[in-house]
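What follows is chain A paired twice: with chain B in the first complex and chain C in the second.
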Partner chain A sequence: MAGRVLRRLARSLLLLLASALVSYAVATAALSPRAYFEDRTPRPPTVAVDHELAALGLDDRTPVAERFTHWAWRAAHGDLGRTLDGESVNAEFGRRIGVSARLLLVGTVVGTGLGVLAGVWAAVRKDRVPDRAMTLLSFLILSLPTFVLALLLKDGALCFNNSVGHTVIRYTGESTPGATGGLLSRLGDRAVHLTLPTATVALGLVAAYSRYQRAATLDVLAAGHLLTAQAKGLTPGRALLRHGLRVSLVPLTAFLSFGFLTLFTGSVFAEQIFGWPGMGSWFLEAAQRGDVNSVVAVTLFAAVTVLLAGLLSDLLLFALDPRVRG
Partner chain B sequence: MGGGTEVSDGTDQAPALDIRGLRVVVGAGRAEGEEAEAVRGVDLTLRRGEVLGLVGESGAGKTLTALAALGLTPPGARLRGSVRLLGTELVGLPARELARLRGDRIAMVFQDPSAAFTPVHRIGDQIGEALRVHERPRPSRRAARARAITLLSDTGVPEPERVALSFPHQLSGGLRRRAMIAMAVANRPDVIVADEPTSSLDVTVQARVLAALGDARETTGAALLLVSHDLGVVAQTADRVAVMYAGRIVETAPARELFARPRMPYTAGLLSAAPRVDAAHALSRVPGTQPAPGKAGTGCAFAPRCPVSRPECRVTDPALAAVTQPERGPGRPAARAAERARAAAGASAEHLAACLYPGAGEGAGGGGLFPVGPPPAARPRATAGAAPALRVTGLAATHRTRRGGRLRAVRHVDLTVAAGETVALVGESGAGKSTTLDRIIALTAPEAGRIEVLGRDTAKLTRAEAHRLRGRVQIVLQDPATTLDPRMKIGAILAEPLQAQRVPRAEIAARTPELLAEVELGGEAADRYPHEFSGGQQQRIALARALAVRPELLLLDEPVSALDVSVQAGVLDLLRRLTSAPDGPACLVVSHDLTVVRQIADRVVVMHGGRTVESGPTDTLLTRPRHPYTRTLLWSVPRPDPGARRPLAAPLAPLSGCDTTTGCGFRAQCGAYRELPSEQKRLCEHEAPGPNGPTGASCHFPYPDDATPPPGRPAWRGRPGAH
Partner chain C sequence: MSGVRAWAAGRPAAARLGLALIALLCLYAFVGPHLSPHSPTDIDYTALSAGPGARHWFGTNRIGQDVFAQTARGLQKSLLISVSVSAATTALAALVGTCAGYFGGWTDHALTFLVDLLLVVPGFLVLVVVASRLRNAGWPAYAAAIAALGWMVTARAVRAMARSLRERPYVRAARHMGVRPLRIVRGHLLPHLAPFLITHATIAAAAAVVAEAGLSFVGFGVQPPDVSLGTLMADSAEVALTYPWMFFFPTGMLLCFVLAVNLVGEALRTRLDPVAAWAAVRR
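Right, the complex of A and B next:
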């Protein structure tokens, strides 16, 4: 088991290196930090721009391979370089990672959990009103782009607040600035702020997972071992819970790593729209400015989380299904 | 003999199970047209402590009836009618109360234990759960697991502790079935429903499972509803038998009575279509197929296939009614004595049949009703001096395992098929039969040993030569449904091997109707697709494809094991005819079924553990085998004759700590070895017996040329005369 995880981690490191190479290459090809410096007024002399770019390791006169090697060498030693403003990327990374981690973590847990529950419920109520409603709703959600969904949620919250008369659902930032009170009220404040962004990232997940889970549950409902469980004296509900649920979760683990990618993309928009200073909004800002080092740092973060999600889904599969333990 | 058989069928006691007017609709909730009544009014009574066999072919509704006995339905099915368990009506009972009875008063042994156990829980916990659900005060998890181990060991499971800790996928099919039985008897139920408890098991494993079931029944005194398509199993175990056809019970009678004097034509056909291991005989064929659920028209569902049906049969659907006992001939004193014994015991000897004219075709014997295939003719012996079609010597083969090791699937195989001869390679799963076949058809150099196909050493073939040779060797596989491309018309399927041998188009067009006629199909079949044919017809098509290039050597891998008995008989007849034709191909048939082998083979080669252990002419080998393994194999085949019940030989559990890398490979399971004096034992331990002793058996101490049963415990302690 430990050996398997170690092998898996070693492979992940290789993948990580490849992902860094590709994202660096794409970022340098698509972004132009020179334009950012030259667009300032008054337009600085070329020598000054060259100098600044060289200091950031982004001088486009040195070959890409050389720049990448230089960057990778520093990165391997724990230094992700500097932003266009000359700030440390590491420091910015540290400030933002917590924000994104909270959103992604809560989003994954809520999205997966609700998705599974919704799927099981739909399967048990197959072809009846709840199942049909769920089908319709999930296809509606899946066909909406994340940012449209986010804006709709925001408008909905605004309407709700207006009709109630005071701001119940706060959705800008991570917490109300200058909020006072005890630990409990501050936690509550944060939870309220978390609602809409989490809903934005989780709803897509719920919609997708509920479909998968519905199909998996229907398979299990038709399986022989559920009849065995009932023949032994378990009521249909308990048979499904004890003998069906875990089996139906097995195929879902494969979707976990893919689902996480969708979740990450969703979080980029959610952070931007709800004003969360996380990795996603950093990515958008950096991409607009041509900040290669920051963009690569965020991509690296995405790669690490996706690889971790993959590892996690494998471990989960391992825990759920004795048949893969060989 | 069973604890419960003494219980009289008194009026104060409700029968163990009483099913009245049972109907099961499948496909409910789907589109209108897809709903079909798969069980159409079944009446069935299971008395306390009795063994009732429910037989019928696939699609007859046996499994649905068995499930309904527990008030269960598969998803999408609906139940109507009445099912009374010990007097309690199950249909319409609230789920909670049903659950209380299931697993406690009535339990089920499911057909496919690989699907019937939950894959993610340990066997011990799943058995323990049956205890924890019902027993109050609820036993702890630990106590339940300990009891599960006891139950497993009572069922004859070796190493019960290890099995209890295993997950279902880690166990063999036979062990899973026995674990299933252990789970069913956990709460000592009054009724056990066993749905095909031994289907797709090897005969020796089947004997072990039947033993487990018999013991379980004996200790609990439970009544047993045994659902099976295997007439042999039913004949050896059941007190009474009910025959099911197209969703109805068509005949029910005490076992001896039913097998001796079937009154409903379908029963008669079914019985005389079943091949027997003790003799090669003419098999009767029941033409046509059973109607699919919902497709039975008015009148008797069997009428379209019935040779003695009259116009009324197609209008009136006969109800199950008592048939009058015909006068017994003077030649049947034994039967009359049995009748008297039954009457004295107070048991009713009723015989019911759903037929307007029961026994209409009687007189010529049950088989006389139906067209009978050719009797097994004396077959042309191989011409002396001619090169054999196939000669395998000292073949060994290994498989790569998942862990990177190598598994020795075939250790030493010697076999010869003379030109025009049919040889059967028999053995149980894992014996290496399929690997042997695989290495022969590969037409490449084997890892060890030598394969000569039609006189050519496969190790020395060039690519072009191999290609040419391939046109002269053909193979037919077990499951026709998976070997025919569903998107190709039959004509194209038959043309393909000819095209591969570059036969001109005009010749192919002429050959197709010829081939179809050869396998008894109409020429119009060429324009249709595989799914439009039944299983038996599909296997005929697969056979026609193999015959297209007029092969000189035909390899058949379990050619009829996917088919129902009545259909199997027709295909066996066809095989017999094709292989005994003067210009017919030499044939190597791989099969696990000795009854099938008996019908078509000239010679038999027996494999065990990757070695050929015995070979000889079919008649000699299947009546007086010399090798201990062959003898056990033969004695574990149940005969479809309740009058001649005898204990089934269950093989012995392997001796532990027996190093079979030296000496005889069968030693660990050999009953004869255990009874040898120690100086003779030494020979078995140190010297591997020659591949072909003087008797044809690879054994130092072969059995004498007689018919003594092998040592070993009897599987189902026969209850001679008990009803």
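Right, the complex of A and C next:
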């Protein structure tokens, strides 16, 4: 058991290293920080550009392997380099990680929780109105690209605000700038700002997971041990909660890491559309400018969160299913 | 509720609806431009932000370009990308998945590691970075990039299925008779995987269109003066409520296509393999 966990960790670490290498290579091959400096007016002399690039560790005259080892060595010591403006990537990382982590965490929890609930409910009400309605609704949501969903939610909120007459749903940024008031009102303000972006990233998860959970719950409902539990006097509802839910959650764990990948991509759009200063909008900005160090920093963040999601879903499987612990 | 019930009960009808929608969209994308007198880049200074009407069927945008022609051009690109990406990812997933699953050993280890590696960083992020290089390369380059990053999940499922097929008696018999591995893969494995692959081809077709639109939407895809559904949506998202036709025609086409493909895919899935998709990923 301990050996398996260790092997799993070692593999994750290896994947992280390899993905750092690959994303660094792809970023240096595709992005051109030199163009960013040379496009300034008046056009700076080549020597000056060379000098600035060398200071950032992005000089394209040194071999990529050498630049990568240099970057990796510093990264291993906790320094992710500098942005094109000469600012510390670490500082920017620190400013933005909280914003993205909040969106990703709340999105995952809300999406998974509601998805499971909706799936169980649909299975229990199979072929009745709630089930049919949910099937149709999740099909429609799954046909809606995340960024379209975000735009529609934004427009919907705007219409709603206009019809009510004052701004009820605030959706630009992660908090109202210059908001005053106590801790409670500021928390409330943030919660309101969180609503639409969370809905954007979570609705897709709810739709997908509710389908899987519905199928798994239907499997369990047909299983003998639930009948036994009912024969011993449990109501159908209690039998499902105490003996069925756990079993039905097992297959879902296989989808959690894929689900997180989609959620992460969705969060990039959500941050961009709702104006959140998070990792996703930083990434788009940096890729536009050719800021290799920032781009690699965000891909590392993505890799770490995706691998964490994978590990968590494995742990969940361990907790739910005694057979895999053996 | 009768509408919902009819939808759920009559899947074939839904599939026919999907096919009809796809046919209509193809007709619009490839024949539409010949019916309209305007080209996507023409500027009509006498009709800025004009609503839909007799002269401009879908209206014009803020600089007087015809939305009907632009949407048709964007949709054309989306459809071409959709078909090519769908074919390429399905082939790649089938190749990698069957090789990893059938040969096992080091082939399996190496290919699985590759798949896992490509799944560590969300594909869309890589696509954004790669796209900076493709600025002037046209839609085939984008299609190639989208395909290169879209086959892994399917390959994983194919690998799992190939592993279980490998131990079937008739496959073992063929192996012991000395049939060459690639022939076994082609003759005995792929026919079994076909339903699953066809279903996934439809999913990939929808996903590719969405990926291209998203990429163009955030500014990394097709560059002006060329247009795609994504750039049309990005340009008009701010004014979607003031000039709805600029936003809702391209968005509507995108949604119609994804919905139609999903309708067909869903019908194929229930018809072709009720269990396989579910069981394979569950392992």
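In this section, the second predicted complex is superposed on the first by the 319 of 326 C-alpha atoms of A that agree within 3 Å, B and C clash if a C-alpha of one lies under 4 Å from a C-alpha of the other, contacts with A are read in each partner's own complex, and residues count from 1 in each chain.
In this text, a residue touches a chain if its C-beta (ideal position, glycine included) is under 8 Å from a C-beta of that chain, and two chains touch if they have at least 3 such contacts.
Source: prediction; values computed, not measured.
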With everything superposed onto chain A, say whether chain B and chain C fit together or clash. fit
Does chain B (first) or chain C (second) touch A:T299, or do both, or does neither? second
First (chain B), second (chain C), both or neither: which does A:L31 touch? second
Of the two partners chain B and chain C, which one touches more residues belonging to chain A? C
Kindly classify A:L142 by the partners it touches after superposition: chain B alone (first), chain C alone (second), both, or neither? second
Rounded to a multiple of 10, tell me what angle the C-alpha centres of chain B and chain C make at the one for chain A, in degrees. 80
What is the contact status of A:F258 with respect to chain B (first) and chain C (second): first, second, both, or neither? second
For the superposed arrangement, tell me the lowest C-alpha distance between chain B and chain C in Å. 7
Pick out the shared contact residues on chain A: the ones touching chain B in one complex and chain C in the other. none
Residues of chain A defined as touching chain B within the complex: 127, 221-225, 227-236, 242-243, 246-247, 250, 320-323, 326
List of chain B residues in touch with chain A within their complex: 29, 67, 70, 72, 74-75, 95-96, 99-104, 107-108, 110, 112, 115-121, 129-130, 133-134, 167, 169, 183, 402-403
Flag every residue of chain C that touches chain A in the complex, lowest number first. 1, 4-5, 7-8, 113, 116-117, 119-126, 128-133, 153, 206, 210, 213-214, 217-220, 233, 237, 240-241, 247, 251, 254-255, 258-259, 262, 266, 278, 281-283
Per the touch rule, the chain A residues reaching chain C in their complex are 15-16, 18-19, 22-23, 26-27, 29-32, 129, 132-133, 135-136, 139-140, 142-148, 151, 155, 158-159, 215, 251, 254-255, 257-258, 261, 264-265, 268-269, 272, 283-284, 287-288, 290, 295, 298-299, 302-303, 306-307
